Structures are given as C-alpha cells and as structure tokens.
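Take a look at the structures listed below.
In the two complexes below, chain A is the common chain; its partner is chain B in one and chain C in the other.
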Partner chain A sequence: MSYINAFLVGGIICAIGQVLIDKTKLTPARILVVFVVAGVLLTAFGVYQKLVDFAGAGATVPLTGFGYTLAKGAFREVEQTGLMGALTGGFKAAAAGLGAAIFFGYIMSVVSKPKAKR
Partner chain B sequence: MAERHIGKQTVIFKNPPSIKATASIVGPKEGKGALRQSFDYIIPDELWGEDSWEKAESKLVRETLSKVLQKGSLSNDQIEYVLGGDLLNQCIAANYGLRETDIPFFGLYGACSTMAESMSLGSMLIDGGYADNVVCMTSSHFCSAERQFRYPLELGSQRAPTSQWTVTGSGAALLTSDQTGPYIRYVTTGKINDMGISDVNNMGAAMAPAAADTILTHFADTGLTPDYYDLIVTGDLGKVGKKICLDLLNMNGIDLENRFNDCGVMIFNTKDQDTHSGGSGCGCSATVFAGHLYKEMMKGNLKRVLFVATGALMSPISTQQKESIPGIAHAVSIHRSLD
Partner chain C sequence: MNKSFTKEEYSQYVKSVSPNSKLFLNIIKAFLVGGIICVIGQVIFNWLKGRGLDSDMVSGLTSAIMIFLGAFFTALNVYDELGRFAGAGSIVPITGFANSVVSPAMEFKTEGYIMGTGAKMFVIAGPVIVFGICASILVGIIHYFII
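So, the complex of A and B:
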C-alpha cells in the first residue's frame, strides 16, 4: 500500500510541474523555486508532514521535499538552540543532500561527456 | 542619387550576382528530417570529434566553407570576402571557424536572419564592383545555442510546447559576378519590428510581424505581385509563427496560402521528430536554402523564390531584464534566369 501511496503522491506533484511548464510562461528555474518555497510553506503550516507520513518517499523525493527538509530543520534547531536556529537549521538539515549533490555532480562531470538531446 | 534603390527599403541590382554554388552540412537530427536527401554531409554526432559544442560548430563553419569552394572550383585566395555570423556571443563560431582561412572577413549578427543579411550585403559588394567572389554563410548548433540562450543541456530542463529546435548545421552560398545564375535580383532590407512579445519560447510570434512587414514592403517597393514567385519562404517562424505571418498578410489583402512555406517547418519531420514548433537558428534557413531550395532551383522546379530569413534580436541579458523581443526579416529575391 505504501508503494501505491508514494507513486500517487509523487506522480501528482510531478504532474503539477508538467502543467506549470505547459500552461504557464514560468521558466524551469522558477518552477523549481516555487516547488521549494511551496514545500517550506506547506511544512510550516503542518500540511506537508501529513503528506510525508502518508506517502513517504513520494513526498520527500520531489523538490517540495527539499523545502520540507529545510523547514523541518529550522523548527528542530529553534527548539534546541533558540531563535538563531531559524537561520542555521535549514542548512544543517540539508547539508548532507547538498554535499552529496556537489560531490557526486563533480564526479559525474569528470567521468562522463555531455550528449545532445535527441 | 542612389539609382539602384527603389521604394522604401529595396535594392535592384544592375548586374545581378549569381549563386555559383552552395554547401550545407547538418547534424544527425536534421539528417533524419524531411530534407535529409538535400544536404552535402550529415555529421555522425553533435561533437564531431571535437571536445566542445562550440568547437564542433566552428568545424561546421570551416568544413562548409571548404565544401562550397570545392563545389565552385575556387580556392581561398580567389575569394575577396567572407560574410558570415552565428548565434554565439561575439560570433565565435565564425571567428574561430574562419581563423585559418586567410580570407577578408566581415562578421555579421542578425540572429537567425543572418543568411539573408549576408547574401544581401554580398550581392551589393558584387554589383557595386567591389568583389567578384564572395562567400555568404552562417551556422548554428543546438547544443551551443541552448547554453547561450536557455540552459546548459546538463541541467536537463524541459522544453515548452511553443519552443523551437535550433538547427545544427552550416550553410554557405558562393556569390559571383559570373553570369551563370541563379541570380539575386532584388534585396529588401527589413526594419526592426517589436510587437511586445517577451516569451523566448515563442520566437515565431515575435518574428512573424517582421516577416509580414518585409514581404509587404517588398511587393510595394517592386510593384510585383505574390503570383510572381513560385515560393515565398520565411526563415524560422515555425508552425506558430508561420500561421501568424499568413494571417497578418491576409489582413493586408495578400493571400499566399499555397506558395508560402517556412524553413523551420520544412526541415524536420514534424510528426516523428519531437521538435515542438519546428526548427530555428541561423543554420536553419542557411541549410534549407543551400541544400533544398538551391537544388530545386537548379532542377528548374522553382524559378523564382523570395527568401525571407527572420531573426529574433534579443540576448540572454535583455530576456532577464524582461525586455520584449525585437524581430527582423530580410528578403532576397532569387531568379533561375533573367527573363
């Protein structure tokens, strides 16, 4: 059941992105930012946590999940260290993901060659 | 008094220059398109043995130049000028591609209208007696153009439905003072035309008013009527822009329906190849002209062609600053014979 939930929720989030590309003039970069900010806001209002409980990776893997990580990290850090945590928590929580993206991105750029779209 | 200038924007040549030879080299996608039979060479992959897209584009320029000289049986030192350009910053595809040629060079930027711009100026040089042999050429490359104007391919971003596919290819025309034909009879130079379109994924709509304006001006200046031409062909309006251009001409009382086409629509198989609105880029009109249209004229299937290359004159900076897209279109009137 959890696979189906993940499939549905992840699919719907991505379908929203497709509709934004096809039906609006938003550039891909803006859509990415909209998704991250939406993830932060939905987490702040407690909605996204419910989505994560329901769909697991279906909610955490799409880009809105990155916003969820940032917001959740900020909340946790504020509880532990006070108000400064609002500034540091998001970075701490996202550090592993960002570090991995940079590290593996670099490795891939060294070992692979760009190819044209077909 | 400029005796060869007629009407508002048109030049009529006293000694019409001939297009002695053309050459075209295209990428693999174009080599699977509707006009694949008409190109001189189809490169096996987009890098063509180079280590960057930009170097590959310069190689397209270099090889297309040597191909057109070979077909016209001329050597580098018999060419007085090369006129050309491309879409990259500072026209580096042409600058680097022509670096070792030892031929005097005028670099041009007219975005995708550059092929008609170079042929216009090349014809004036020859008719004015300043040169006997001039090569006019342009290039574009899908991968280098995506990096220049949109996103690097490595980002893997999605394309919008109205967006066009930049053609990978280079086309060249060798203009001479010999009386061999096909001849360039008239040139109508376009004005910058900006109707306020600011969507870079919809350049066809931005360029269509410029194309319609240049076509209307051509007929007004020369007194010719549309049925004079077998084909009026725009550069790279794509499906969306082609329809807008036809509508604009219709509103002005000119019906071109069956003698009008667009290089961007012609070059790909619109059904099987996922290019959205069609082809674009300076290489689009250049390779369709140098490949398909020139060959059809030599076979006698087309006797008179009005070649209207269209350009969108924005830059990535102007796009980021939310400027609208100025369009331009230059028309070159080509005749199989001078009767």
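So, the complex of A and C:
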C-alpha cells in the first residue's frame, strides 16, 4: 500500500513540475528552487507533514521533500536550542543529503567521461 | 471531410491540437518516471526501516542512497538519457538534484579539477541550497517568535 501512495503522490508532484516547465518560462534550475522553497513553506504551514505521513517517499524523494527536511530541522532545533537553532537546524537535518551530494557528486564527476552532447 | 482542408487550415488544426497532446504526453511521462523513482525510494526506506534503524537515520540514509544512485547513473550517461524522456519526472526527485550536481561538473572537467569540476558542481545545486537554507532560517526565526 505504501508503494501505491508513494507512486501516486511522487508522480503528481513531478507532473506539476512538468506543467511548470511546459506552461511557464521557468527553466528546470528555477523549478528546483521553486520546489525547495515550496517544500519549506508547506512544511511551515503544517501541510507537508500530512503528505509525508500519507505518501512516505512519494513526498520525501521529490525536491519539495528536501525543503521539508530543512524546515523540520530548523523547527526542531529552534525548539531545543532557541533562536540559534534557526541557523543550524536546516543544515543539520540536511547534512546526510548535502554531504552525499558533494562527496558522491565530486567522485562521480572525476571518474566519469562526458559523452558528446547530442 | 479531410479533403476540404486547405494546407493552411490543416497546419492551423495541427497547431491547435498538438501542443496540448504533447503537454499531456509529457505530463504522463513525468508522472510515471517520477512515481517509479519515488517507489524506489520507498523500497530503500522500508528496507532500512526493517533493519531496525531509527527514523532520522532511515530518512538521512535514504536520501544519501538516492543521491548516490542519481550521481552514479549520471556518470554512466544514463540519467541524462532518462531526462530527455521524462522531463520533470527525472528533474524533480532528489536523484535529479544529484544529476544537476554531476552533469555540469563532468562537462566542465576540462577547466580543471578545482575551478572546473569543483566549482561547476554548484551551478544549479548552489541556488537550490541558497534558497532552501535561507527559507528554512526564515521560517525557523518566525517559529521561534510564535511558539
């Protein structure tokens, strides 16, 4: 059951991205920025947590889920350590993802050979 | 009835019909591929959870593994092929974030391992991180004053 929910919600979030790409002048890079910020805001309003509870990876794997991780981390740190937590919380929560992106990203870029663009 | 179409009418007809059906097809492709990538994430998530890890560890590791996969398949020149087919279906998931790191870094390797690969990794990922972190700091500050 969790797989069906993940498939449907994840698919819909990606479909929204496709509509934005085709119907607006937003480039993919801007879409990613929009999705992360949307994830942060929806989490702040308490909406995204419900989506995560319902769809699991369907909500956390799209980039809105990265925003969710950031906002959730900021909230938790603020509750534990006060105002300072707003600065540290997002990075702390996203550390695994950012570390992986930088480390694996660099290694993969160095060992691979780019194919000629078609 | 087709025979009564002049060339102009026909090309107008094609124009009026094709963008929508192309959009529809793009949406279906994005939906399917995006959905499948999320299911892969769910499989990894459930597998890690089944090993008894706590929930923070599970979500962190799931993102790390998905990012590894995205970077790996970009390096094999597979992910960009997928992107040509799936559009947002491969861009929006976190694997697409990894792709946005590796793809420009590979392309600019000729400019060196520091200012080429090292710097170009963040051409797209940089803005995402900047806006994501800034937004999270802002909502964190607001959260501090309303709790």
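In the analysis below, the second predicted complex is superposed on the first by the 115 of 118 C-alpha atoms of A that agree within 3 Å, B and C clash if a C-alpha of one lies under 4 Å from a C-alpha of the other, contacts with A are read in each partner's own complex, and residues count from 1 in each chain.
We take it that a residue touches a chain if its C-beta (ideal position, glycine included) is under 8 Å from a C-beta of that chain, and two chains touch if they have at least 3 such contacts.
These numbers come from a predicted model, not from an experiment.
Enquirer: Is A:P114 in contact with chain B, with chain C, with both, or with neither (first, second, both, neither)?
Expert: Both partners, chain B and chain C.
Enquirer: Of the partners chain B and chain C, which touch A:S2 in the superposed model: first, second, both, neither?
Expert: In the superposition, A:S2 touches chain C alone.
Enquirer: Could you say whether A:I21 touches chain B, chain C, both of them, or neither, answering first, second, both or neither?
Expert: The answer is both, since A:I21 touches chain B and chain C.
Enquirer: Using the touch definition from the top, say if A:E79 reaches chain B (first), chain C (second), both or neither.
Expert: In the superposed model, A:E79 contacts chain C only, not chain B.
Enquirer: Output check: A:I12 vs chain B and chain C. Expected answer is one of first, second, both, neither. What do you get?
Expert: So A:I12 only meets chain C here.
Enquirer: Counting only touches as set out at the top, which of chain B and chain C does A:V47 meet: first, second, both, neither?
Expert: neither
Enquirer: With both structures fitted on chain A, tell me whether chain B or chain C touches more of chain A's residues.
Expert: More residues of chain A are touched by C.
Enquirer: So which positions on chain A get touched by both chain B and chain C?
Expert: 18, 21-22, 28-29, 109, 113-115.
Enquirer: Along chain B, where are the residues that touch chain A in the complex?
Expert: Touching chain A from chain B are residues 27, 29, 45-47, 53, 142-143, 151, 153-155, 157-158, 160-161, 168, 199, 201.
Enquirer: Which of the residues in chain A end up touching chain C in this complex?
Expert: For this pair, the touching residues of chain A are 2-3, 6-23, 28-29, 31-33, 35-37, 39-41, 43-44, 55-58, 60-63, 65-67, 69-71, 73-75, 77-79, 82-83, 85-87, 89-91, 94-102, 104-115.
Enquirer: Could you pull out which chain C residues touch chain A in their complex?
Expert: My answer: residues 23, 26-27, 29-39, 41-46, 59-64, 66-68, 71-72, 74-77, 87-89, 91-98, 100-102, 105-107, 109, 113, 117-118, 121, 123-125, 127-129, 131-133, 135-144, 147.
Enquirer: Help me check something: in the complex, which residues belonging to chain A touch chain B?
Expert: Going by the criterion above, the answer is residues 18, 21-22, 25, 28-29, 109, 113-118.
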